[in-house]
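In the two assemblies presented below, chain A is common to both, partnered first by chain B and then by chain C.
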Partner chain A sequence: MSQRKRSRGSGLTQGDDEDFSVVPTQSPSQVQRNLESRSQEEINRKVTELVQFLLVKDQKKIPIKRVDILKKVIREYKDVYSEIVNRAGRTLQQVFGLQMVEIDTKHHIYILTSTLPRVEGENLKQDIQTAKLGLLIVILSFIFMKGNSAKDSAVWEFLRRLRVHPGEKHEVFGDVKKLVMEEFVRQKYLEITPIPLTDPPEFNFQWGPRAAKETSKKDILSFVAKMQKKEPSFWISQYNEAKANT
Partner chain B sequence: MAESDGSGDFFSPRGSGSARSRLSLPSASRNGSVSQRRQRRLSGGLGRPPASEKGDEEDEEEEEDEDDGEEPESERPRPPGSSEGGGDERHRRLIRNQYRELICSVQQNREDMLSSKSNRLTEALEEANQLFSGVSRAREAALDAQFLVLASNLGKEKANELRSEITTFDSLTFAEDLLTFMGINRTETEGNDSDSESMSGGYLPSNAWYKLGEEAEKYFRRAPSFHYMLGSFKSEPPMPRQRIERQRKAPGGEEKRAMPAQLKKMEESHQEATAKEVERILGLLQTHFRNDPCTPIFFFDLVVDPNSFARTVENIFHVSFILRDGLARLKLDDDKLPVIEPVQNVEERNDDHSARARNQVVISLSHEEWRV
Partner chain C sequence: MAAQMSDAHRRFLQVLMSHGIMEGAEARKLHRCCCEISKAYYAQDKLDDFVSTINNQLQPLFMQIRKGMSEVDGRTHYALVNMAETEITKMASDYAENELELFRKTMDLIILSENGFASSTDILNSADQLKTKKMKKKEAEQVLKIFVDDKWLSERNGEYTLHTRCIMEMEQYILSTYPDIAKKCNICHSLAIQSQACETCGTGMHLPCVGKYFKTQSRPRCPQCNDFWPYEIPDRSRIDSQSSSRRVSRRELQSL
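After this line comes the complex of A and B, so read on.
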């Protein structure tokens, strides 16, 4: 095994001892050199592993951290990390029509989104995830139309009119409060922050980074318009905001 | 939304600042008589929660009693512990209840109050005004203050909505439209319930949210969840079949193999025990004959266990296997007593297999006979 050059960090050690929060920044020529020290087979194997890892991690829609990618998949191939990720991205796009999107540039957290255009009448599998998406879009619509943020009391009152109560067990969603305040937040669809100096504590609802990437203000406005059988331009300020956002 | 006879300071901040700064306002805007009364109270102390700045209580306002002992007693025109004692307490409790109800209803119906079409906020304010006229103590006044905070927040939001040129988003009609889309079945429900909320009646079908979700998917670029079609790899099914086969071969005397299931092991050992026994007896027989080649063994000598009838039966059972397999021969000797001898020759054995007629002998041995 040839010695690998690193721009920083200690020498060659076992995977667990390495610092996986740091990916060595390398020039393309360095990457090329590192690539040459490995066989195509090895690298392709890692690419496949990464693709599988991403797909499985995405099942629950919990965003994927780069740290995890490095620790669990890349491991000692850290020096060719960028090459592996690039190739994995190509595979995801060409085979699955998906792309890896970074939603947190500071901590390097990624999600997978679809790059394929939606087709009418496409959904053959309707499961609880479908129903949850219905609830989600309703909440996102409310937040957007109310000026991109809403208080939790307002959101829950709105949901009550749709027969969804935070205290009661819902026949479809079960513990709705947990779903909204925990699951949607963990998946980064919603961002819920406590309002300071309120007692009992109140919360502010906003769109989460995943929502921003998977849909858009324009899309949500179209949804609202469709439901209310009006043109999106009916709501002037929201329409302008949505237009500016694209 | 100014009150008709109010001081017009409705939206002034009502934080938890010092009482003095708050109370300094009314003295500027009221007529002389009230300000005199206020001044007296002012001079008393800092710690009291003040009456609100509503304007119309000048005539009806009662002097506040001393609650926390900070004010000097002499200042107050009305002595404490007045004759209205008990009724007063009930009255106050009633007021507190009414305040709480009002606060609750405002909290529950936020959206309704925010709607530009409704005057509900104004109505709520007027109701609170009325209630305040009966307030004489700090506790109720505190509730009034709480309501005021709530109302002013709502007022601020409402004003915000007016300020921007947006067409107000009416969440109520949006909710109704969503329900319609989800397929709500609006039947004629019982006449207006006393419930003040304008919730529509109707039956929401069980696939309501799925229908909405299906529509929602069109607006998202969600990556479909990745699942293996055939599920994860399972390894149990092949095992039982092997075990069953092994059991069937066991009486022939096959080697015992380690097996995971406890139950199977028990059955197996049962079979194994039989086979083992058979072999053991065969071994005995052969040993005996090796030592004494000419004497066949009396059958009953071999099988009978003087101490246990069950054991005897078992022995006969085992010996029968040996006979069946042709490893030993049973014949009648001169005395017509059955004797048993092992078959020496392998070839003989094989021949026997094919040539030998199946002789079946039923030996009956009762307990009585055995004992003898």
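After this line comes the complex of A and C, so read on.
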């Protein structure tokens, strides 16, 4: 079976003048006509490429931009973009139990989330990733309990009590400051915004869009409750907020 | 008849995908957990059937869950591999051009070496001569660490070899890219990066395969040319293969 060699993932190809930020809006009959001009095999190949592309990006927790999808995968098949994306979505669901979720509707950025019912104690990846997620959950909890937003000084003070210091190299996390302020932000788990008119600059910590999609206030509150050996309802406003959120 | 794809299968696939590669025992445990969670029928010891069902769905996507053997301890591993690649495309979207070039150079060094290992010194020296974009030693060290974290390389005592996952993923690519140099194990006929090779006829075998093959023989001989096998036979229960590649001295050989 012959397969076209898949193009390199990174970097622009020569003479790439097309504007990949815009997807042409088409009527369904137009899409149908475009579809008919391409062979099934060609479309299937593009669907497969897109599925692989999405999976690879998501394994690294890198949010996927529509611009990149168009530029690196869809390319000259722009006219059947919606068909390819829909089919890729169906494949992701059917085979992997994953779905594409748009976390930024303005810039069209996506992540993949699991559609399978979530279970407590599920081991996704038992290594450094688990440890990092543990740290992340602790930070998310702190932010939620503080009313959905916390100042960086408060977060670091809290972590200091857990013997995690931004200045020191941590034996598990390494450069913690980089992990928290760069990696978690890039992965859309945290949103860290500078507070204006502060000198030295201070930052505001909030949940990022991925955190909101991959966990819930209810789960985080349960976690806190378990840690403190209390009932979730002990924290009245957070409990109500968590309940309203589901 | 292949079973239907279910949430149990999907859950298994999600977890395997996030690990990249899993040991046989871990995979069996995961199989049981996934069936329990989804309240699906659990057929004990039917992991391979379970995996076949998933593979039927993965085939049109040019992906497969493959079984492979670790060259270090001989244990079975399961990995999700990409079948469509004629080059290291899977890595292409994860790494920069010069990082990929460094990986290829590292792979060259590993495959051309006697023992399947490349020293970090040699790798770092080649970082200096990259055609795409030169890399300083410090940066190259970090990139190597990422390759290890991502399970493309394994590190031992400052030397690097290919991770089991990498070998499983790129076996076809390696065999076709290094047709005269890459060795196949005489016993299991899979690609062998680390191996013991007969000094007379060059026949090579994986260390775990050597252990299995020579288990009952008191005077090990090459299966091809019948010459004395000059190496220490790896003990099946031992995981560390470093000393197993040690050549047996004449005196030790005579006392066998």
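Going forward, the second predicted complex is superposed on the first by the 224 of 246 C-alpha atoms of A that agree within 3 Å, B and C clash if a C-alpha of one lies under 4 Å from a C-alpha of the other, contacts with A are read in each partner's own complex, and residues count from 1 in each chain.
Convention: contacts are C-beta pairs under 8 Å (C-beta built on N, C-alpha and C of every residue); 3 or more make two chains touch, one makes a residue touch a chain.
Everything numeric here is computed off the predicted structure, so don't read it as measured data.
Look at A:Leu136: by the touch rule set out above, it reaches chain B but stays clear of chain C. In the superposition on chain A, A:Asn44 makes contact with chain C only, while chain B stays out of contact range.
Counting the residues of chain A touched by each of chain B and chain C gives the higher count for B. In the superposition on chain A, A:Asp104 makes contact with neither chain B nor chain C. By the document's definition of touching, both partners, chain B and chain C, reach A:Leu55.
In the superposition on chain A, A:Asp175 makes contact with neither chain B nor chain C. When the two structures are aligned on the shared chain, A:Trp235 is found in touch with chain B, with no touch to chain C. Of the two partner chains placed by the overlay, only chain B lies in contact with A:Val224; chain C stays clear of it. In the superposed model, A:Ala154 makes contact with chain B only, not with chain C. The residues of chain A shared by its contacts with chain B and with chain C are 55-56, 59, 96, 98, 114, 122-123, 126, 129.
The residues of chain A lying in touch with chain B in their complex are 55-56, 58-59, 61, 96, 98, 111-115, 118, 120, 122-123, 126, 129-138, 141-142, 145-146, 153-154, 157-158, 160-163, 171-173, 213-215, 219-220, 222-224, 226-229, 234-238.
Remark: chain C residues 5, 7, 10-11, 13-15, 17-19, 37, 54, 57-58, 60-63, 82, 84-87, 89-90, 92-97, 149 touch chain A in the complex.
Chain B makes touch with chain A in their complex at residues 107-111, 164-167, 169, 171-179, 181, 199, 204, 206, 209-227. Partner chain C is touched in their complex by these residues of chain A: 3, 5-6, 8-11, 44, 48, 51-53, 55-57, 59-60, 72, 91, 94-98, 114, 116-117, 119, 122-126, 128-129.
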